[in-house]
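In the two assemblies presented below, subunit A is common to both, partnered first by subunit B and then by subunit C.
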Partner chain A sequence: MISFTIKRFFGAVLTLFIVCTLTFFLMNIVPGGPFLSEKTSQQTLDRMNEKYGLDLPIHEQYINYMNRLLHGDLGISYKRQGFTVNEIIAEKFPVSAKLGIIAVIWSIFSGVILGTAAAMNRNKLLDRAIMFISTIGISVPGFILGTLLIYLFAEMLGWVSATDALGSPKQYILPVITLSMQSMSYIARLIRSTILDVIDSDFIKTAKAKGVSRIRIIYKHIMRNALIPLVTYVGPMTAFIITGGFYVERIFNIPGLGDYFVRSVETRDYPLIMGLTIFLALLVIVVNFIVDILYRVVDPRIKLQ
Partner chain B sequence: MLSINDLHFSFFTPAGEVRALNGVSLDVASGEVVGIVGESGSGKSVTASVITGLTQAPGRVKSGEVMFNEIDILSTGEKAMQKIRGGEISMIFQDPMTSLNPVFTIGNQLIEAILLHTDKNHKEARAHAIHMMSQVGIPNPEIRMKQYSHELSGGMRQRVMIAMALSCEPKLLIADEPTTALDVTVQAQILDLMKTLRSETDAAVILITHDLGIVADICDTVVVMYAGTVVERGTVDEIYDNTAHPYTRGLLDCLPRLDGDTDSPLEPIEGLPVDLLNMPPGCPFASRCKHTMNICLTTPSPEFELSESHTSRCWLHTASRKAEVRA
Partner chain C sequence: MKKRILALTLACFCLIAVLAGCGSGETSDPGGETGTSPTAGAPPVAGGGGDIKGYFASSPETVDPQLNSSVDGATYIVHLFQGLYRFDWTDGSVELGDAESVDISADGLTWTFTLRSDIKWSDGEPVTAYDYEYSWKRLVDPASGAPYAEDCGLFILNGEEVTLGDVPVDELGVKALDERTFEVKLSGPCAFFEQVAVFPTFYPVRKDIVEANGDGWWTNAATFVSNGPFKAESFQMDDKLVVVPNDNYYDVGRVVPTSISFVFLADEDIAYTAFRSGEIDIGAPAPASEIPSLERDGAFHLIAELGTYYLSYNTEVAPYDNPLVRKALSLAIDREYLADSVFESTMLVATSIVGEGFIDENGNDFRTAGGDYISRDYEANKIAAQEALAEAGFPGGEGFPVIEYMYNTSARHEAAAEAIARDWEDVLGIRTVLVNQEWGVFLETRRVGGFEVARNGWISDWNDPSSMLTIFRSGGGNNDGNYSNPLFDQYFNESASSSDQAVRMRALHNAEKVLMEDWGCAPLMYYIQSFMASPDLQGWSAVPLGYTLLHLAHK
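== the complex of A and B ==
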C-alpha cells in the first residue's frame, strides 16, 4: 500500500510536469497574445510585454514559470486585474464543484437504477425504452441538449429562468441534466451489460440454491460485481464532467471555473490558462488515485502493487 | 422422501420445443445415495433444477409430480421454495472455480447460508461455519474464512461448497458432477470426503455424474437416463452385474476396466444422442441400439419390472424375460 502510494505519487508528479510543459508551449504556439487589440499602441504593447516578462526568450519564460509554480504561485491574471490565479480558483471553483458533484452523483444514481431496471426486464419494453434513451443520451452533444432544454423549459414553458444561474435549487435541474446525460447513459448501459453477464454466472446459481431471495441476490451478489466496472468509469467520468462543465456553464450563464477557462483561452490570459489546466489536471489525477484505491476495495482479486 | 412421477419438461425455444424430460420417474429414500448417470444432454441437470425449483427461462414443466416429504414442489411458491433451498435441499455444482462469488469472503458466503436457514445469530453462525469447514477437511478454517475464492485451490473451493451445502443439515443433497472439473487426485480426495460424510450425516444424496466408476464406489442405487427418460434403474449390483438395458451396457463398455480384464476393448456408444427437438416416435435409443427391432421404431417401451428394485425400458424384455443383455 505504501509503495503503491509512493509510486503513484511520482507518477502524478511526472504527469503534471508533462501537462504543464505541453500546455505552456502549445499556448505559445497559438498565434495572438494577451494584449493584442487594435486600440493598443506598439508602445503600450511593449510595456505590457516587458512587465509580464513576455519579451524574454520562450525558454526563459518557461523556466521562470516553472520556478514560480514550484513555490505554489500560479501568477496574476492579465485580464482580471489585481487578482491572482489562486484567488480566482478559490472563488470560482466551489460553484463548478457543486454543480459537478451533483452531476456525478446524479449520473451514478440514475444510471445504476436505469441499468438495473433494463437488465431485470431484458428485451422487454422497459429495457428497449431505456436503451433507446441512453443511445440518444450518449450521442447528443451536451451543448445541443442544453440549448434545447433552455428553449423548451425556459423560453417556451417558462418553468425556470434562463438567466438566473443557480439562483435557486430549481435552477440546478437543467444544467445537471445537461451535464450528466452522457455519463448517465453510459453508466446505464454499462450496468445493464455487467448485470446480464453476472446474472447467468455459476455463483448466482449457488446463491439461488442457498435460498437467497431475488432482491438480495440483486443488491448483494450482483450489484457488488457490477460496481467494479462502474468504479473504473468514475475516472473518465470526472474528466468528462469537467470538460462538459465548460460549455454547460457557458450555456446556462453560470459564473464558474469552466466559463473562465473558455474565456481565458479566448483572451490569451496565459497565467489563467496555465493555472486552470494544472488545477484541473491535478483534480483528475487525484480522482484517479482515489478510484485506484476504491477499485481494489471492491475487487479483492486485485492487489495493490 | 423424494418422489418424482412422470415428469415432462420442455424448453420452448424459437427453434421449437426441446423436450428435455419425457416422463422421468424416480424415488429417493431418506439416507439413500442415488446416482444419476447418462450422456451429456440426457436431462440430469434439468431434473435437478426442477427438484430445487430453479428451472431456467424458456423451460417449463408440462406435467408430472415432484413430492418432497409431502410437499408438492411444483405448486410451492417462490418464498416457500427459498426456505427449502439451502435448508432442506441443497446443491453442489460442477465448477468450484466459478461457483463462489469472487467479491465476498468465503466466511461471508458460508455465514449467509447459515443465517438464512437457522436461528443462529451472527457469532454462532460464524462458529458453525468454522466447524463445517474443519469437518470437510479444510485446514486453518479461521484463516480461510477471511480469504476470497481466488485464494483457494479448486479442491478447497469444492470443499467449501460442500461445507456450505451441508451447513444447514439438509435432508437431500444434490451434487451435480461435483468432481468433473477437478484433476484426478483432487477428484479422489473429494470422493473420499463424500464417502466419509455419507456415513456421518443422514442426508440423502443425488449424485449426478458421467462416471459409472464413481457411482459404483459411492451409490446405493443407480438411475440411468437417456434423452429425458429413465431407461434403467436398480441397485448398484443389479446395474453392474445384471445390466438390462443396451444403453447401460454401452455406458459400461466405455469404462476402462480396473480388474485386469483387457480382452474386451473400450467401446464408445456409436451415433449421436437423439435430437430433442424432433423426438422419434419409438424408443429414443433405437437409432443407436444393436438390438433394434421393428417395435422399437414405432412404440416407446414401457417400464419392465425385473425385480422389486430393478426396472428397464426395453422391448427386449418381452422377448426374453431375462434381464441380461449381452453385447
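== the complex of A and C ==
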C-alpha cells in the first residue's frame, strides 16, 4: 500500500509536468494573444506584453512560469484584472464541486435504484419504462436537456430563476438533473445488465435453495458483484462531472470553473488556462487514485501495484 | 463663455444627431419601436425610482477607468465616476461635469479647467485637480498597461513619447496649478477635445486607494471610492455590481433610481430568459432571433451607434490592388438584404465609411453633409459593378481568381459571408471560398495581412469623424488592408493640425472622398444598439458610443 502510494505520487508528478509543458507550448503556438483586440495598436500590444513578461523568449517564459509554479503561484489573470488564478480557483471550484458532487451522488443513487428495479422486474412494464427513459437519457445531450428545462421551468412556468444561479436549494434541481441524466441512465443500464448476469449464476441459485431472503441475496450477493463495473465507471465519471460541466454552467449561468475554462481559452488568458489545466489534471489524478483504492475495498482479490 | 455656448450648441446637436440616427432606424425597421427612450411620465423623486436591474455583459475585466477598454465597463464607469465633462443623462450629449468652466488659450493648445467647489469622492474627501493630474498620468504611464494609453495620450503634449517610454511620465502636459485648477497642454490643436475628455478613461481615481490596494481596488466595495452620481454598494464577480446614489455627489438630487443592479450574465440568450421572467428590466444587446416577439410586446428599442461594419481588401495583393476591382466587389453587394434580412434590422445600410450621428462644425450630421458614396439603388449598383469589373479586365468575371473571404466564427457573420458570396457569384460571376477563424486567431491573421478580403468593424470612441477615418492612415495600426494614399494622409493631417472646426471638417470630408473614390474599403452597414427594455421602465437613454445611461431611470 505504501509503495503503491509512493509510486503513484511520482507518477502524478511526472504526469503533471508533462501536462504543464505540453499545455504551455501548445497554448503559445495557437495564434492570437491575450491583449489583441480590434483596436489595440502594435505599441499598446508591445507595452502590455512587456508588462506581463510576454516579450521574453518562449523558453524563458516557460522557466519563469515553472519557477513560480513550484512556489505554488499560478500567476495573475489577464482578463479578470485584480484577481490571481489561485483566488479564482479557490472561489470558483467550490461552486463547481458542490454541484458536481450532488450530481454524482444523485446519479449513483437513482441509477442503482432504477437499475435494480428494472432487473428485478425483467421484461415487465416497469423494466421497459426504465429502459426507455434511460435510452433517452443517454442519447439526449445535456445542453439540449438543459435548454429545454430552462424553457419549461424558468421561462414558461417561472418556478425557478434563470439568472439566480444556485441562489437557493431549489435552484440546484435543474442543473443537477441536467448534469446527472446521462450518467444516471448509464448506471441504470449497467446495474441492470450486471444483475441479470449474476442472477443466473450458480451461487445465487445455491443461496436461493438455502432459503436466503430476497433482500439479503440482492444486497449481499448480487450488489457486491455489480459494484465492480460501477466503480470503474464512477471514477472517470466523477472527474468528468465535476470538471466537465462546461456547457451546463454556461446554460444555467453558474459561476463555476467550467465556464472559466472555456472563456480562458477564448480570451487567451494564459495564466488561467495553465492554472485550470493543472488543477483539473490534479483532480483527475486524485480521483483515479481513490478509485484504485476502492477497487481493493470492493474486491479484495485485486492487488494494488 | 464662448466655450460654454459651443458646448451647449454641441449638446443640442448631439441630441439631434441621436434622433436623426434613430429616425433612419425607423425607415428600415417599420415595426420596431425607436427613439432615445420612452418618454418619462411624471418626474419621480430622487432616489425613488426603485431598483433597476440591467444586463450589459458578463463579468467585466475591470471597472477601473484608466484600465478599462470595454463598452460594458464604460457603462458602469459613467454611473460610478465623472470626468471634467459628463454625458447629459437625458440624451447622452456632452456637458461640463467636474469642471465648472474651461479657458482655452488663443492657439487652442492650452485648456485650463476650473473645477467645481462642491465635488467630493464617495468617502467625503474633496475631488481636486491633483486627482486629475494623477489619473491622467496613470493613464499614459507605460507601467500602468492601460489599453487606451496611446489613443488617449496622443492628444496630450508628450503623450505619445511617454507611452513609448522616451520621456518620463512627469513631463506629460497635465498639471494641477492648485486644488481647483487643472491645466492641460495639448500636442496639437484639438477643437473637439471635450468629446475626447468625456471618454471614461479620463475619469479620475484616488491615488491613495489605488496605491494601497493595487489594480484590484475596485473589486471590493469597501475600497471602491468613486466621484460619480453613484457609489458601489457591492461587487460580486460573475454575479452583479450594485450601485446606489452617492450622497456626496453635488447633483445627487437629480439621481432617480433607488439602486441599480448591473447583473452579469453569460450571453444575451440567458439575458433574454431573465428579461422574460422579470429578473432584468433592461438589457443590451437583444438577441436577434427574439426581436419579433420583443417588438410585439413593445420591448424592443434601437439607438444609433457610431460604428461601421465593413470589408477590408488586402490592397497590396492583386487583383485587390486595383480600385476598379474593389469598386465592383463593393457595389455588387446587396446591403439592404444584409441589414434587413441577415441582421434582422439590427443594422442600417451604409453609404460611406463615416456613419450617421457624427456632428460637424455646424452641428449638422457629417454624413448628410457629405452625401452618399454608395447609392441605395441596388439595381444601378449592380450595373456599375459589372462595368467596373469589365473595365478592370475581367468581363463577366472571366479570369478572376477565386476570392478568399475571411470572417470570425459566428453564425451571423457566416450568414453575411454567404449572402455576399452569392452576390459576387450572381452579379459578377466570381466564385468565393469562405474561411472562418476563431476570434483570437482572426485578429492576428487580419493584423498581419494574411487575407484577401476580410470582415471588419469599428466602433468610434468619440463623436468626431476622425475617429473613423484614422483607421486608413498609411501605416496605421488598424489599417488591416494597408490602404495607402498620400492625398488621404495629407487631408487627414490637415484636419489634425487645425483648431478651426470648419477647416477640419472640410479636410475630413476631402479625406473621406479620397478613400471612398479609391474604394479603399467596402462599408456595408452601420451599427445600431438594440435593447430589450420593459415598457414599464422610463427615463433611460444611451450614448451613441454604446453606453447606457440609467441615471434617470424609474419604474
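In this section, the second predicted complex is superposed on the first by the 302 of 305 C-alpha atoms of A that agree within 3 Å, B and C clash if a C-alpha of one lies under 4 Å from a C-alpha of the other, contacts with A are read in each partner's own complex, and residues count from 1 in each chain.
Throughout what follows, a contact is a pair of C-beta atoms (placed from the backbone, for glycine too) under 8 Å apart; a residue touches a chain by one contact, two chains touch by 3 or more.
From a predicted model like this one, the values you see are computed outputs, not experimental measurements.
Superposition of the two structures on subunit A shows subunit C fitting alongside subunit B with no clash. Judged by the touch definition given at the top, the superposed model places A:169 against neither subunit B nor subunit C. In the superposition on chain A, A:211 makes contact with subunit B only, not with subunit C.
In the superposition on chain A, contact of A:203 is made with subunit B only, not with subunit C.
Shared-chain residue A:301: touches subunit B; no touch with subunit C.
By the touch criterion defined above, A:57 lies against neither subunit B nor subunit C after alignment on the C-alpha atoms of chain A. The three-chain arrangement built by superposing both structures on chain A places subunit B and subunit C 160° apart around the Cα centre of subunit A, to the nearest 10.
Counting the residues of subunit A touched by each of subunit B and subunit C gives the higher count for C. The minimum CA-CA separation between subunit B and subunit C in the overlaid arrangement is 48 Å, rounded to the whole angstrom. Contacts of subunit A with subunit B, set against its contacts with subunit C after fitting on chain A, share not one residue. Contacts from subunit A toward subunit B in the complex involve residues 201-203, 205-214, 221, 224-225, 228, 298-301. By the touch criterion stated above, subunit C contacts subunit A in their complex at residues 59, 61-62, 64, 67, 69, 142-143, 145, 147, 149-151, 163-164, 214-219, 237-239, 263, 265-267, 270, 273-274, 276-277, 279-280, 438-445, 447, 457-458, 477-478.
Subunit A meets subunit C in the complex at residues 30-33, 35-44, 47-48, 50-52, 79-83, 91-92, 150-151, 154-155, 158, 161-164, 250-251, 253, 255, 259, 266-268.
Those residues of subunit B that touch subunit A in the shared complex are 52, 54, 78, 81-87, 90-91, 93, 95, 98-105, 109, 112-113, 116-117, 148, 150, 161, 164.
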